[in-house]
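Note that subunit A is present in both complexes that follow, paired respectively with subunit B and with subunit C.
Our next item is the complex of A and B:
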């Protein structure tokens, strides 16, 4: 189904937070102020790698208006954070490992005073050699960045026999692909407000996982988790970047030290330096086929620059390892991955989670092999495509899916192929079309706690209230919940109350990450609805005498079921009247785990979505610039709950991938960012986005599938890069292997003369 | 520590303030470029900002007839870039400048940023367009107006003769031959790393006339982009002058452009790439012109 207003019909809902966001009237957490609020600032390292000889804060403390200056000595609990491994110091004490490292924090009555005081903190450093690439980190005599060595994590996977199988191949392609250090570039940079009142710490700071932040903060502050309340929505964008702690440790420590509210809000510059990025990866693939185009052997080496600290560098590498086989059946596979510490900026969670990098490489291999074989690259994919019941990429059992074949087939009908190619163009414009596909796992994978849950009740105000520990960071959760609830209860929007983003009010639901949220709320509501309705109907029957089997929920209250069309339903009791009789026994909650493969492969996924992308480009040979003129996506992710939200996710993910492919790279030199602002770090503008972009949603699931709608938060971003690169090859004959595409690779001298001579 | 902003009412007052504040003072017009420099810590925000906002002499766009076929166009330095993009005088007589202003930054910045400020950065895109003409800068340095050719001033800046400009740029004077504009040809092309709201990688512009036997006459070509101070490509002009439209030998002109144009290399684009692109873009425009029926 082509997703648009017409196909969505009454499900085409303008997002509830849309108007406020577009008009700028929405108050984000970082827009809030409190009386007597102080400004918090962090002192960052002057070096990418250095020993700290001394830190002297005495001059800063004397500045009028400075209320606190804190260093590592002021941390009551663990001096460290990190979702999977807390090895990033809140404040460095002995050495600094990247330019974003924090040494001290100041709370002052104004930003100017805080800024002045920051300059008065005296730090003596002794510089150390800078390890600015994973290759350097792996050298024999490389400086040791972490006690256990410079390798954060390694992965290996073997299937069959590599050497023998390469000998049998008719064609082998070996290539190294490189991907950029992409920045999340949320509109709202990291920030928050921290208030200590009545013995509790209130944290108003965006995150994708309030309960995880609460746990991490309790560890740093040595406070019981219950004494911390995390209020985390609304959020001005995250894309994975705010799942990890950022300002929270500093704001919390400062407010506890001063007893006054403290606001932290990074400038774009500080956000660039201190914030997470997508892991730059070098992916070497050697892939062989027989003469019939059957893949025989696939050898993969992944080298991931995880930067100075762990955060989720390990799980991202696991994901990359799994996705480097893709939707193809290959009998002999060898994958070795390394995530390596460097003195570069910290890499972490980012939409696509390591998939984007390896899919670019894998699809590049397929196109190059097809060229060697002299067959259509899409046909080569079909010959190797997985079937409905095949095992997953690492041999694990997965939920049956025919998505790969469905998206392979559907994209062939894309309008991209039916355009008039003969349009009049100047001789230096070359047009090309490219295709690519991918499968993408959702959820965190085997062996990683991935709990979910929710709560449903009739509240005191007579509203059907749901509470989830998930967050709204622009992906459209609230709109999706509204549609799901109205579908379940046939009620009005006004009958609903949706509670998210407050650890005092919501149950733990796990993180809003890994394309898992839509699926988790769908499953939670399916579990909560029957007991909730049963309890309500029982109560109504007791009150009114109408039999339970004749009751249904509807607009404003409980109605009789009408069995014949000419007999109208009657309102039996309103939700408000019902609530007046007490609501204590009308609360239901559920806890469950994200579906996981039964096979013990750490990080291995069970639920998969599939996508294929067609992209049309124009390459200007005068300048080497690439313009993407059309993009068509097909996505097989089960039923569409919120069509506008679904479309928004695919289009948004796609534009993010457009940046990843053509312009975005946080360039580092000697451990320092060169692109410190958005005038050199270039995200696409509306002028860079194709005027046409279509999304075809394949909603059918195999018979008996009970897992429902899969999330689409990431899948729109994973497969565009190889499609664009394939289209560039179609247009120019040039293979690109490093992103973002450098126009210097595509420019030709006086191309109109070549045309004339040709 | 707080920055003071003064708003002098005339040129003399502004000049005196600048003398008085000495190293602590800085003129400010739209402030859009200065802000990026402060943020980048290229230099500190001065403690005394002297706003040029109230100086009437620096405002407005006008045309004055000099001879039957010639005009002098005057553009106040405080004219915003947005005003340049809506001026019928600029659109009619200075099309390359009109195109240049439309492609500088984004609408909100064009509403604030001024043409004088763009020139004083020494790398602004308007300069590449203005170099096609005998543009003169009118300065106030305490005693009446001093007139200086734009190109001469740029050469001094490039050579480091003037490091910091203390004079106030009051207006630009641009002489125009009306018939050359009406019958002549021109182009302006800017290429950045994305489609819009982007600093230039390469900016080129040219104008010429072609009255007799389809030959190129009175040609002016200029090029800038990146951190390069825009320049006239005089050698390329010499090669093209009097060339026949249907007999342009591109490789030779390309070689001259590549030798003459002096772009910088940075982390995003090499000098060699910029040279190839400048030659490509300039010559593609002549190619379009020469193949037009």
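Our next item is the complex of A and C:
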């Protein structure tokens, strides 16, 4: 189904949080103020790598208006955070490892005073050699960045026999692909407000997983988790970037030290320096085919720059390892990956989670191999594509999916291929078309706790209330829940109350990451609905005598079921009347786990989504500039629940990938960011994107599939880069292997220029 | 909101301007930007803050009807001017521009949206029959990271006066 307003019909709904957003009345957490609120600021390192000789805060403490100056000595619990491995210090004590490292934090009555006091903190450093690339980190005599060495995580996967199989290949392509240090660039920078109230700590700060922030903060503050309340929605964008702690440890420590509310809100520069980025990866692939275009051998090396600390660098590498095989059947595979510490900025979770990098490489291999074979690159893919019941990329059992074949087929009908080619173009503009595809796992994967859950009840106000520990960062969770609930209960929007983003009010639901949320709330509601309805109907029968089997939920209350079309349903009792009789026995909750493959492959995924992308580009031969003029996506992710949300995720993910391909790179030199703000770090503007993108949603699932709608938060961002690169090749004959595509580099390789220079 | 409390400032000079159609007079520290006054002193937080160098447009307001980055405007520069924020535009009812953003899915996280609405408002104030290119150019100073401008393009289609958009 081509997804748009018309095809969506009555499912195209105005978002429940929409009016507040367009009128500016929605209070983001960084918009809040409290009486007597202080401003919190963090002192960042002057060096990318240095020993700390001393920290002297005495002058800063004397500044009028400064209420607290904290260092590592003031941390009651663990001086560390990190989702998978808490090796990032809240405050450094002996060593700084990157430019964003924190040494101290100040609370003051104004930002100006805090800023002045920051400059009065005296830190003596002794600089150490800077390890600014993974290659340097792996050198024999490289400075040791972490006690266990400079390698955070290694992956290996073997299938078949490499040497023998390469000997049998007719064509082999070996290439190294490089991807940029992409920045999330959420428009709302990291921030929040911290309040200590009646012996409890209130944290108003965006995150993708409130309960996990609570756990991490409890470790740092040495406080019981129950004494911390995390209020975490609404959020001005995240894309994976706010899943890890950022301002929270500093704000929490400062408010506990002063007893007054503390507000933190990073400047863009501080967000650049301290915030996470996408892992820059060098991916070397050696891939061989036989004369019929059957893939025989695939050797992969991944080198990932994880920066100064772990956060999710290990799981991201696992994901990259798994996705470097893609939807293809290859009998002989050898993958070795390394995630390596450096003194660069910290890399972490980012939409696509390591898939984007290796998919760019893998699809590049397919195109190059097709060129060598002299066959259509799309046909080469077809010859090697997985079928419905094939195992997953690492040999694990996966939920049957025909998605790869479906998206392969569907994109061939894209109108990109049927455009009027006679269109007049200036002679210096060359057009090209490129295709690519990918399969993308959702959920956290085998061996990683991935719990889900939710709660459904009739509340005291007579509303059908759901509570989930998920977050709204723009993706449209609240709208999706509203649609699901109205579908289940045929009620009015006004009959609903949706609660998210507050650990005091919601059950644990796991994180809002890994394209898992839509699927998890769908499953939770399916589990909660039957007992909920049964309890309500039982009560109504007791009260009214109408048999349970003749009852149904509807607008405003419980209605009779009409057996014949001409007999109207009658309202038996309103939700409000029902609630007056007590609501304690009308509360239901569920806890379950994200579906996982039975095969013990750490991080291996079970549920997969597939996508194919067609991109059209115009390359300007005079400037080397590439303009993407058309993008078509097909996505096989099961039923569409919220069309506006689904379309928005694919369109938005796609343009994020356009930036990744053409302009975005947080450039670091000697461990320092050179791109300090949005004047040099260039995300796409409205002038850089095609005026329309087509999204074809393939909703059919194999017969018997019980897993329902898959999430689409990431899949729109994973496969555009190779399609653009393929289109550039179509237009110019040039193969790009390093992103972003640099016009000044491209223009040097253009054939006519080379001729002239020769 | 109790505005009176927030108007008390220790230093600076008194300035007067019209804010959302109401005259306002307050002491302003000469080092303060318009965005600081709006967000911190008047709690008009619909005006957002993001890059603070005039690149992203999240802090856009109308000054004498023109879209301006309030992070690049010193508060004292507004003496005697008409300043309108997203709160002013939304005061009575939802503007047709806002309606279009709602219906077309022109936003997700919503953080850039007030700025987008302001820029488009300024453009439509000046140009009553804009082409698609005019409309896009009017939003070049506003960054959105969520939508990929898909929904925003659909919004612009509705305000486009030329034939290309009436297909």
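General remarks:
Note that in this section the second predicted complex is superposed on the first by the 746 of 758 C-alpha atoms of A that agree within 3 Å, B and C clash if a C-alpha of one lies under 4 Å from a C-alpha of the other, contacts with A are read in each partner's own complex, and residues count from 1 in each chain.
In this section, a residue touches a chain if its C-beta (ideal position, glycine included) is under 8 Å from a C-beta of that chain, and two chains touch if they have at least 3 such contacts.
In this text the structure is predicted, and so the values were computed from the model without any measurement.
Of the two partner chains placed by superposition, only subunit B is touched by A:116; subunit C is not. In the superposition on chain A, no contact is made by A:100 with either subunit B or subunit C. Contacts of A:17 after superposition: subunit C is touched, whereas subunit B is not reached. By the touch criterion defined above, A:26 lies against subunit C but remains apart from subunit B after alignment on the C-alpha atoms of chain A. Residue contacts after overlaying the shared chain place A:476 against subunit C, while subunit B stays out of touching range.
When the shared chain is aligned, subunit C comes close enough to touch A:187, but subunit B does not. Ranked by how many residues of subunit A each touches, subunit B and subunit C are led by C. After overlaying the two complexes on the shared chain, residue contacts for A:426 are found with subunit B alone; subunit C is out of touch.
In the superposed model, A:747 makes contact with subunit B only, not with subunit C.
When the shared chain is aligned, subunit C comes close enough to touch A:652, but subunit B does not.
Residues common to the contacts of subunit A with subunit B and with subunit C across the two structures: 267, 677, 679, 684-687.
Residues 5, 14-15, 17-28, 31, 33, 184-189, 234-237, 239, 265, 267-268, 473-476, 644, 647-648, 651-656, 658, 677-679, 683-687, 689, 691-693 of subunit A touch subunit C in their complex.
On the side of subunit A, the complex with subunit B involves touching residues 112, 116, 267, 269, 426, 428, 621-625, 627, 662-663, 667, 669, 674, 676-677, 679-680, 682, 684-688, 743-744, 747-753. Within the complex, the subunit B residues that touch subunit A are 1-2, 36, 39-40, 191, 193-199, 202, 250-251, 254, 267-270, 273, 276-277, 279-281, 283-284, 287-288. Subunit C makes touch with subunit A in their complex at residues 39-40, 43, 45-53, 55-56, 58, 85-87, 89-90, 94, 98, 101-105, 107-114, 117, 132, 136-137, 139-140, 142-154.
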